[in-house]
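Before anything else, here is the set of structures, which you'll find just below.
Each of the next two complexes has subunit A plus one other chain: subunit B in the first, subunit C in the second.
Let's turn to the complex of A and B:
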């Protein structure tokens, strides 16, 4: 059995990692927002989504958050009329990625806030540990 | 960095031996010293072994912190892991220093005792 304060440090650390993965996926989506196919009528980049799950860490005796998997968004693609594009179909329409910038920004903000919350948790647990050690120092 | 720290381990064991001596002194009827009270609080383990465990834990934590820091500089470890390991090492360093100060203070109190 590990010290509960140490355990909360580890739990918050797992949260930090999960949220960083989420930020990574958001940046992939944003960077590929204009990535079309290269051949006639080919599919463009498909938006990626992140799902979280909790895993029981036996050594820690606590539930950690973990990335369950990076899936894809099944939403339909936008189409744009651009007959000269290499990926245009017979009618001149090009399929564009199903990435919505607004949605990605909201997701990024949420990841950011969650990251901050986990950092605050680490700060709190750490300050509690330090206070306890200070008791030994000049108590 | 690690060498200076691992040099502390023998010092810690010396202090521990000294404290065990003090504990024997307490049992001989001079009075209930620090060692005796620690032993009565936790009958399974004497103060020496507890202190040795803390020192070992501290050395392990520090080694892990250094390994993670090197891996982080090489770009092999996540920043979060590096920070966590280094903070853990710092925390156990502070704990070890505080314990050392306490033990030295107790030792000096015994040395300066009027008999």
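Let's turn to the complex of A and C:
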């Protein structure tokens, strides 16, 4: 097992990576919130979800977080009546993506909060290391 | 010669704090992982009590408990503030409180070592 402070830097680094992937998925969802199909009755963009899992890192002796996978939301699509749209079906309804802006914003806030917490851990581990090194000063 | 007890204790305390910092980092990194249970280390008092009660080795084939062995703080289930629906029991607020506590205690320990060292140097220099 390596020095616990270095290990905590790595753990928090893995956390930062996981949370930034989550923000990326949120921005993909937001960018595609209006992305409909182009042919008659085609499916629009389907909302993506991200799941985390913790894996035991044997070399580190600690459990890191990583992305388990990026899945899709099975929720039904919204439909809007718009007969002139190229993706409209026979009755004139267009399927819109199942992205909820409110949900994405909440998810983004949570990712942001977790990212900040991980960043705080890195700062703290660094300051603890420099406190130890400072013992050598004025010796 | 008997090692100077305060330095020994301070080294132990700072190692324990580093291990605890590691546990807090793990909890924060896994703050959004489903079915993750928050971990914590054994309290420092328990570790000190355990190390003072170690058995002395009187023969070469006796197994001694080295300080490093007794100090490996194993993560244990912490008393979390609550579990969310996904089965995750990490509370970021609680972890931040713990982190502040660790930082404060670490500064305290290193400052004690620093001042004790300065006192010794004063005594040596005369």
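Observations
To be clear about the criterion, the second predicted complex is superposed on the first by the 138 of 139 C-alpha atoms of A that agree within 3 Å, B and C clash if a C-alpha of one lies under 4 Å from a C-alpha of the other, contacts with A are read in each partner's own complex, and residues count from 1 in each chain.
FYI, a residue touches a chain if its C-beta (ideal position, glycine included) is under 8 Å from a C-beta of that chain, and two chains touch if they have at least 3 such contacts.
Worth saying up front: this structure is predicted, and the values here are computed from it rather than measured.
Following the overlay on subunit A, a side-by-side fit with no clash is recorded for the pair subunit B and subunit C.
Shared-chain residue A:126: touches subunit B; no touch with subunit C. In the overlay built on the shared chain, the residue A:51 is in contact with subunit C alone; subunit B does not reach it.
Within the superposed three-chain arrangement, the count of touched residues of subunit A is higher for C, of the candidates subunit B and subunit C. Using C-alpha centres, the superposed arrangement gives subunit A a vertex angle toward subunit B and subunit C of 40 degrees, stated as a multiple of 10. Once the two complexes are laid over each other on the shared chain, residue contacts for A:100 go to neither subunit B nor subunit C.
In the superposition on chain A, A:20 contacts subunit B only, with no contact to subunit C.
Of the two partner chains placed around the shared chain by superposition, subunit C is the only one that A:3 touches, whereas subunit B remains out of contact.
Of the two partner chains placed by superposition, only subunit C is touched by A:11; subunit B is not. In the superposition on chain A, contact is made by A:63 with subunit C only, not with subunit B.
When the two complexes are overlaid on their common chain A, residue A:112 makes contact with neither subunit B nor subunit C. Minimum Cα separation between subunit B and subunit C in the superposed model: 10 Å. 9, 134 are the residues of subunit A that lie in the contact sets of both subunit B and subunit C, per the superposition on chain A. Per the touch definition, subunit B reaches subunit A in the complex via residues 78, 80-81, 84, 87-88, 91, 94-95, 98-99, 101-102. Residues 3-5, 7-9, 11-12, 14-15, 18-19, 22, 51-54, 62-65, 110-111, 113-114, 117-118, 120-121, 124-125, 127-128, 131-132, 134-135, 138-139 of subunit A touch subunit C in their complex. Against subunit B, the residues of subunit A that register as touching in their complex are 6, 9-10, 13, 16-17, 20, 126, 129-130, 133-134, 136-137. Of all residues in subunit C, those touching subunit A in their complex are 14-15, 17-19, 21-22, 24-26, 28-34, 36, 92, 95-96, 99, 102-103, 106-107, 110, 113-114, 117-118, 121.
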